[in-house]
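There are two complexes below, and they share chain A, which is joined by chain B in the first and by chain C in the second.
Moving on to the complex of A and B:
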């Protein structure tokens, strides 16, 4: 009964708010799902922060299949939502199409890439390789078996970009370190298959890995679980995942999707579009998570090394090679 | 390739094949009785949610498994009522169950725990721990240094959860029940020629319901295994197509219990290889991981096309039974 009341209430609220004069922003989550404890959840947190601070409301949808991308974009644009914020690289091409038909609506995409950016589209990219470099250094300092692991989601350039930075960081600490890398799959289910994440983690542990970095959305939950069960360390991604298994997650590579979403929503209709924003270490767009859950695991030596590398990268003295530069990685083969 | 690596891949095969085997045997009972069931996926998913949720709430994994079986039985009952009592289309009913489970599980989990459609992590007695057989080694490093026989014993035979051993026991049990008991004979007959069974004065409806309920129990165990043994929580869509691979295994096994075991182990092995080796070299040719993942389906199509023997489903499968008037 209460459930039906809630549903009715929600639809009534939607119907009422549709008549509001001020344009609401909209947020479209990628296939990993809104509560993936990682990438999409970070976007949700940013939107929630905006809503709490401004008292505004926003529309949102969790995509269930590939086919819904264009439909969802059109629905929001048609309903007058502005700006429409989307997460995940896969929606970018659909957005390019839709943006042409709604020149007055502003579109934002996180992680996407387009050869030509339409005037009403803003792309936001993160220097994930820089953040991954730092956690790679920490992994190499924490390992006792001289072997670290990387588990990616889909085998796509974006994820290799993560892995590449991680490998470079690990090799910077110890040039002879052994890096085991695996991708979960090639279909969108790769973002949400914790069982397979577990199996991959077990396979890497049996190959000697004792610190595993998971850049795999919801699949990473399984990796972190298995790592905690088997008594080795793991590294979370996107959101701060240190609390998931307190004292067993070495750190998390933060990707401040929440900040990007918050900024886009705050700018509202006045959002600057037609280009690409790149957020790196210098803008606090990426970073490493330090809190009470991993304090016992992080040594003073690690903190010092990470801080030094961070300063060097920001100053431009240390160049972390991006996988995108020539679609290959100097530190690891995928 | 090292000996230990092979053992580790086989160990992973056992873990990955178990949910397939349980779901495959579930489908076997149902389809042998003439009720096609493509809702295995949905039933496993519902069982995964309820087993994890109840295990978390009570702290007892066995109560969780019971709840999972209960949820799966409820969906089985819907399937039975729709396709046996009301003589509806069995495929459509199965699809409906899959959709129902896919949506409802997330909705219920969200309403219950408010953690975005997942359940909290389980620990201690709320999940199945690996069983260590007497004398077996548990630490990876000790196993690596042990002799080959000890490696096989410690890595491959010991260290699985109780559900894995249970599912292996179910294979001979299913064979015995289907081919050596009166119930099994009648169950197979009702899938081949229900009119003959009816003429003999045996209730077709009751037999088919019994088969569908057994299917529900086995799917329930499979779902509970996913959420409380392989993983320590329910995550949305966590079955990730395993119900459909189990169906493929069932066809591959031509609806026979022992063959189902081999088919599931083969499909599990393919998954384990795909997990362990991203690309696989055989005689200088590199086989991409995508091919390994697609192989179960390719093999099934090959079987269905009649290249390797012939897969003939139970004759009355998919047909609702209408008594002659």
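Moving on to the complex of A and C:
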């Protein structure tokens, strides 16, 4: 305990504010690492925005090993951090265990799923298939070769969920479109392997793809780079990645992890827990990135089609099939 | 005549290497503007000064003991088993099948069963590279490392498509039944008055690891098979001339090596996670190479080196938790230790030998 007290003392002294009595929130990044330009970085941006606006401070850790998941959760809870926000589905199970022992601490997990959600845990899910559907439509409208590509991180349900929405959107525009899909790998490095991403992009280009959607965390950086080098279009994911190669990234499928983190930290100890929040198009939880970097690439026709589909999905007139419904996809085989 | 007394070779060389690695790490920490003394203190505090810190240090050490022993047994036959990772991964599958589908009445029986399955699956995964090396001369370094990737894919397929409970996001098996959960040190040594090892993952499989150390010692230095393994390792032609079958020794040494690596899965899968996850080995198979190198392929050395790496892992976690030192730097520190104790062994040994020679010739001159 003495160490924790010492450290708490040190951090309180650093903060130089009466706010030390208030609980600090904590943020735990998944194994992909904080600066992946994508998923975890979105969480970081949300936390930074909260810190800037409120002047508060937060604790954070980038996980390095599986055993650390439970350890980090416990240590933060013991140190009085509240709420403890985590990214990535892999930590949900450890969170379920730890939450029992710290009933006064609020826990938040993004992407996770639990059969029974403890009273002090909030799960946040995104309807990635809806956003992916929209970028799939744009890809199908932008392609000149009638071939679009999808590069996922790993063949896990979450990524198939992205790919499935993308394929449905592309096929909605053109039922005969050719979709090339690849997964980066089977090891955890698949989420952070830009070189492999680049190779896969080249392979897909040789198969005719001229718009490639990357849903692979840090690996996507390599996909976007190669697409820009080879003069084809790419689609970013999670964060707005349009600026990475201005004028060469068609759009990005936004997954507003930053908003989720920001909201959780703003709610602080008063956070509502005990359930699952699903953020979709209607809540602006997912969306399509439009800014000055891709303005030249997006035609008025695309904007109109995307807006129409978006309204239809929100109204419930258009049903994008979720891969989770029966672990399979009507538009593409994985 | 030896250039240097045995004790110096076994203790001074690794200690000085370690010191050099620590010095260099301190410089790196200084360079990014953090205080190396405070960092070291935090590592020691977090890993060794609290029983829960020990609980993590020993948990990581358990993994490294198994994989370190696995590498060293193979190395006595001059076989470089880089496949500990894949063998442990497949063994994890064995442990999961054993825990999920056999209704064990008590954890002690489940432990025995899991050890058996882990050993069998690990050994089976080492068998093909061993056979290819023995019969076809396919280099074991290449085949074992390739088999790691195959193991990853097999495990990924099994977890995503077969073992994953419906609707779950994570590629992981369901939780194992309560009866198979191994007692942790907290369950064993903690009392209400004196809580020890709070929530730490270290569990009864640590004792299995200690037993494995004794087993490897007896096997290598006290049995005919061990003699043959060492003999084969020193000189294949001499061993063949003496009537030892190279094929048999290669295969047997690799089977034992694979089984030892596989036992690691009992600790991570049955002991810690209590379910099978995709990333259950997380590099321990590779750390085992460094552990074996540093431990001079002797069980006692492996045990000590495993404890050191356990300390580095847990201490590194503490650094990541409480300082702004980025996690990449912690990997750098671990890499420096591996570099100095494993790869740059001669840099320390050669000057040290000269010192000892000089000391001796002085004594003789007197």
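Descriptive notes on the structure:
As a convention for this text, the second predicted complex is superposed on the first by the 315 of 334 C-alpha atoms of A that agree within 3 Å, B and C clash if a C-alpha of one lies under 4 Å from a C-alpha of the other, contacts with A are read in each partner's own complex, and residues count from 1 in each chain.
Just so it is clear, a contact is a pair of C-beta atoms (placed from the backbone, for glycine too) under 8 Å apart; a residue touches a chain by one contact, two chains touch by 3 or more.
Note that the structure is predicted; figures quoted are calculated from it, not measured.
When both complexes are superposed on chain A, chain B and chain C clash.
When the two complexes are overlaid on their common chain A, residue A:174 makes contact with neither chain B nor chain C. In the superposed pair of complexes, A:33 makes contact with chain B and with chain C alike.
In the superposition on chain A, A:113 makes contact with chain C only, while chain B stays out of contact range. By the touch criterion defined above, A:199 reaches chain B but does not reach chain C. When the two structures are aligned on the shared chain, A:186 is found in touch with chain B and with chain C. Among the listed stretches 133-141, 205-213 or 241-249 of chain C, only 133-141 clashes with chain B once the two complexes are superposed. Where the contact sets of chain A with chain B and with chain C meet, they give residues 3, 33, 185-186. Listing the residues of chain B that touch chain A in their complex gives 4-5, 8, 12, 15-16, 111, 115-118, 121, 140, 226, 230-233, 235-238, 240-241, 271-272, 275-276, 278, 289-290, 293. Every residue of chain A that touches chain B in the complex is listed here, in rising order: 3, 33-37, 41, 181-183, 185-186, 189, 192-196, 198-200, 202-203, 205-206, 218, 221-222, 225, 229, 244-245.
Those residues of chain A that touch chain C in the complex are listed here as 3, 7, 31, 33, 61-62, 64-68, 70-72, 74-75, 89-90, 92-93, 101, 111-113, 115, 154-158, 185-188, 324, 327.
Residues 42, 45-46, 49-50, 56, 59-60, 149, 152-153, 155-156, 160, 164-172, 199, 201, 268, 272-273, 275, 277-280, 282, 313, 316-317, 320-322, 326-327, 330-331 of chain C are the ones that touch chain A when the two sit in their complex.
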